[in-house]
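Taking it in order: structure first as structure tokens, then the write-up.
In order of appearance the chains are A, B, C, D and E, and numbering begins at 1 in each one.
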């Protein structure tokens, strides 16, 4: 067992390499759309910086309190334009009603399932808020789907994702999976941010056919010892955890998320570590738009300066 | 009753014979695909050795710890090519992203339902991760479906399988059923590995229209006395248990699985007994790829040398 | 109340008459198929003797213990051929894989829903294992559907039956309903075999559009007094119970089942009483094939000699 | 050239053998229905005697003039019942309105395309008068389709037949093709009854997927020398011509038609020669029902006495 | 003009290179099936030798006169097996009824449109005789479609091909186009075998989305001067003509056909020239099966010995 853990540790510390578009063996239409996202906007070097604005649905307007102007979705759309983000990720309504001015300039990653935070997360499940056909008809370059890995309702979730994936195949729409461990069962096995949980979530997205997977970077926590088997006792730092789950995601491109707002230095460290660990890019929302427009632009610029160094 | 048990004992020890393709009365397209699997790869003698790589979804990346390179799905695809396996069994993502190099050489058995191990198995149910049409469009030679016999949700499962079976009939895609006793009810009737449970699972697959059924070999356990009726008190050894369930599977070809990793000698004994008992082949995953590549090739070779003796 | 009970008693003892095909006002295709079943095989006199082999799914291989050769479905198919049964009733797999030799000689009654006996019967529900289109494509002459009258899940069941009935109408496939009182609620109202329960089940099949209904003959039991209203206190013997439910089935032809294995004399008495009471025929499985082949043929012959006297 | 013709002559005179049901490699439902037609009615020896009543549509009521009672379709249905024909072949209306009395006794071969004789045959094409689904819902055991081989409209005809054939595959309904050379082009290449024409028609039915093909026996005519290539100069008698086209039909069962009314002795000679040449049976209409009922029954009996000798 | 002709001449004489599978940018399922055809049978070196048996429909049984045993389709299927052809090309009927013995060994290229030669070719059009779904359900590895380039009915033809191509995309079934100049218009522009005609046909197949195109090798003829523009006056020999049209076919693999029977030496020359000119393979029917079985095997062997030298 000691050996197994040692091997795993080695796997955790190995240098991670980002898959290229060629590695992904993409059908033509997906190649067109992904190439546009990766090389047609932002740094144009194969990295991604994506601005999500689905927090109004997922968390409620409470997220806009730190920066009231951010409540107007045009704030984020404008930020995405002026900040040269690779795409905005949002639900149908924010695309349909706010995107016109930016159409053809800021690409759209249409989020097609979601939920509010009001009921408990014990049986988490996000129902469809849009469709792959909506994405086609809005001119989006990808769709986003949230899968709650390990939720008691994962049976419905896996099946719903299968349908979405088949629709993506039909239209060659790139599929971005927000792969989130969630629900009562995972809380009893180390919790949603444990290495066990995130590692598993990365693999599930790969096996289900995601093109890009959005993950949180795993971190140590008080329930670490409740993780199954050899996960207990694995020592890893921030970068090692990130590298490990990038490896588990295999031929999926990985986006790491920012989560709730951090200090600027922490954010930059997080961002750099993520890229260092083999991520293709970042999806930063609250860390960007929970500050005044010009600050947000400046912070965006800092992140992009860093991304400049990770072209491929 | 004594007589019934004696008769049954006789049935258990009777010589088992493997059905031939002609026994199966196959429609043309199924015959094409099964003949290709059975006689076009591997030993080319009607036996099967199949390499499954669905454990990342079913158990999580923890299964790759004993041999970290196995985390890269290309490890298994390459093993299947160089080791001359009859097919790889995996979900959509691992076919879509990793099979290109092996296309047309290593046949694909597309697994089309699954789940993670995170929630409890009390109400086990595997939802669809792909479709028979996916299998056609990926050029697969069979689909795999997991049926949890006896689960409280078997009503959904049986119906879901019926739809899959009808799609298989439409395209003449061979149907492989992973027939697994599972759920709270079976645990109260002797448990998932009891003769009662596995015997029942074999028969259900037959009545539902499987072409091939994957079974575990039944074994004695502490809950044997909780089995219904005459199953209690049947004495059987490993080979007799295997033979019995091969008989119950009737005109379904039987694959026995390896389960978790065994010692090499035990594995070879298990494999030989399975074939001796009328199985058509073996589906060995962890026992193969949870070791370094060259060891895995060598072990594969040993099993195939043995399979050589069971041609038909 | 006394009068009502007396009337009911009269109804119970009245001579029952079997509906003719003309009474059923059949559309053309149903007439073709039912005439073939009733007059083209067996006694060719409008009676039915049907051999069911769905017990492997419904009860498990345990039902084959008393006569191990019966585990091979060919045993029953051969018995049906040599014993000149009117039809075999089985699920898709046993038709698809075992019927070829008997095609066009032994008619098929395709059972299209079912379940295993592993989980509790409290919320009994049988999901689809096949479809009316399967029946057409297998060349079947009827489909069989199990309705669990009074089960907590009867809402799903009634709806599922409606869909089947509409498909039967589309293809003019005769519909045979196994109408079984089942579930926790009926156990609190006299039990599944009470006159109340079976009488109700007969009527439900009629109202739902069955062409033939399969019933158990009601019998007195310890929970008789828990039956609703005037059912309590009705005295009836075996034949009177049978007659009563034949009347309730109205313009559905009635099949009585044999249930678990009886002594030969009891079986013949049961069979004769059933026919005397207006049944169209018998569906005898375990009572036939849970004995050696030649005994089974002989017993079949005895029953048919009796059926000879009930032509119409 | 002399050699080729000599070889052909040899092929023409070789003994013809009738394909068995096993030769046809039938799916289960087709096997059920064909076995019923071939072994469940008539001589029950694998021969066919079929009574067509589509002449009212194809030729008009003029065909009933020689025997006015034959104008009532019940005349033919009754003849089919009392004469023990293997099936009646007719369009939807004559089945829907006249078959009830005979349902389940006289099998139905539903003719599903047709035309009147009023316009010229130069661009012959028969449009659909029914569907394979009609056949299922009427309880028919086969469908009949008229293909006009070589007609200027054969493009529409071939495509229409393809759709019918696919529907037949869906429901496993046997497909009988009336394969008739027709149209201006064939009249310039030896005419519709030439060996060239009938031989070609037999092959086309085979390649299109017919289970049974109805042919006329080829005969010498004044335009023989206009046949293409080596067909000119082939000398063959009645039986040799029949044998030749039976060979060309390969694994299609062949029915020869009677055509317009002949003398009794000629008819018997024709019938015997047809069977001697490898036909599976006869489809005799006008030769049967253009005479009084009792004469028709007697003639039927004579033909069947002869068919008795060709069982298989 | 002189320069243009010179350039063209240069293009005609340039070395032709065969596209590889990678050049074709195939979706996964097409890659599986084409790799199987190109590397799983025959020389297993990326060359193709295909045996067509659609002449019975296209030309009539007259094509079998030179070798009467060839009239039985089993002759060709057996030749394909024993001669190790890469595939048989035939219509539905000859696959459905004759392929079972060879299923899974001899790949099937299902021809899905066709016509007879009886009506004039002035408005040539081949209607559907099968579908891409038929090909899937028969387990075929490709479909074949005949496009009559330049026919007055090419509008219908092009549209019909588009539907087929889309179905091929859905199931990833490789599409082989028999691209034949035909009809009154082409006869006025140099004729069906002119460089103009064949060159045009090659390009049309490429633009319509064929994976493989079957062409005749262009040849000089009396109507050469009626070709449009600069085609008049191009001098080319057999090999130069072949090379020219291979170039025009671009990223379609090219099959050259044998046409009517040649002397053995001529055939070998033709075959070698074809391969030398960049063809992927040959489709030889009458040149093979219009001779006794053993001669046919020997000739097959000679061609394959030659193909051995063109692996890639």
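A few notes on this one:
Here, contacts are C-beta pairs under 8 Å (C-beta built on N, C-alpha and C of every residue); 3 or more make two chains touch, one makes a residue touch a chain.
Everything numeric in this text was worked out from a predicted model, so none of it was measured.
The set of chains touching chain B and also touching chain D is given as C, E. When every chain is reduced to the mean of its CA atoms, the largest separation from chain B belongs to D. Rounded to whole angstrom, the centroid-to-centroid distance between chain C and chain E, based on C-alpha atoms, equals 59 Å. Averaged C-alpha coordinates give centres for chain B and chain C that are 36 Å from one another.
Each chain gets a centre from the mean of its Cα atoms; for chain C and chain D, those two points are 42 Å apart. Centroids built from CA atoms put chain E at 42 Å from chain B.
Taken residue by residue, chain C touches two or more other chains at 96, 100, 133, 137, whereas all remaining positions touch fewer.
The residues of chain E lying in touch with chain D in their complex are 54, 56-57, 60-62, 65-68, 71-73, 90-94, 96-98, 100, 114-116, 118-120, 125-131, 133-134, 137.
Chain A meets chain B in the complex at residues 4-5, 7-8, 10-11, 24-25, 149-152, 154-156, 158-159, 162, 165-166, 169, 181, 183, 185-186, 189, 196, 199-200, 202-210, 228-231, 247-248, 250-252.
Listing the residues of chain E that touch chain B in their complex gives 27-36, 39-40, 95-96, 99-100, 103-105, 108, 133, 136-139, 170-172.
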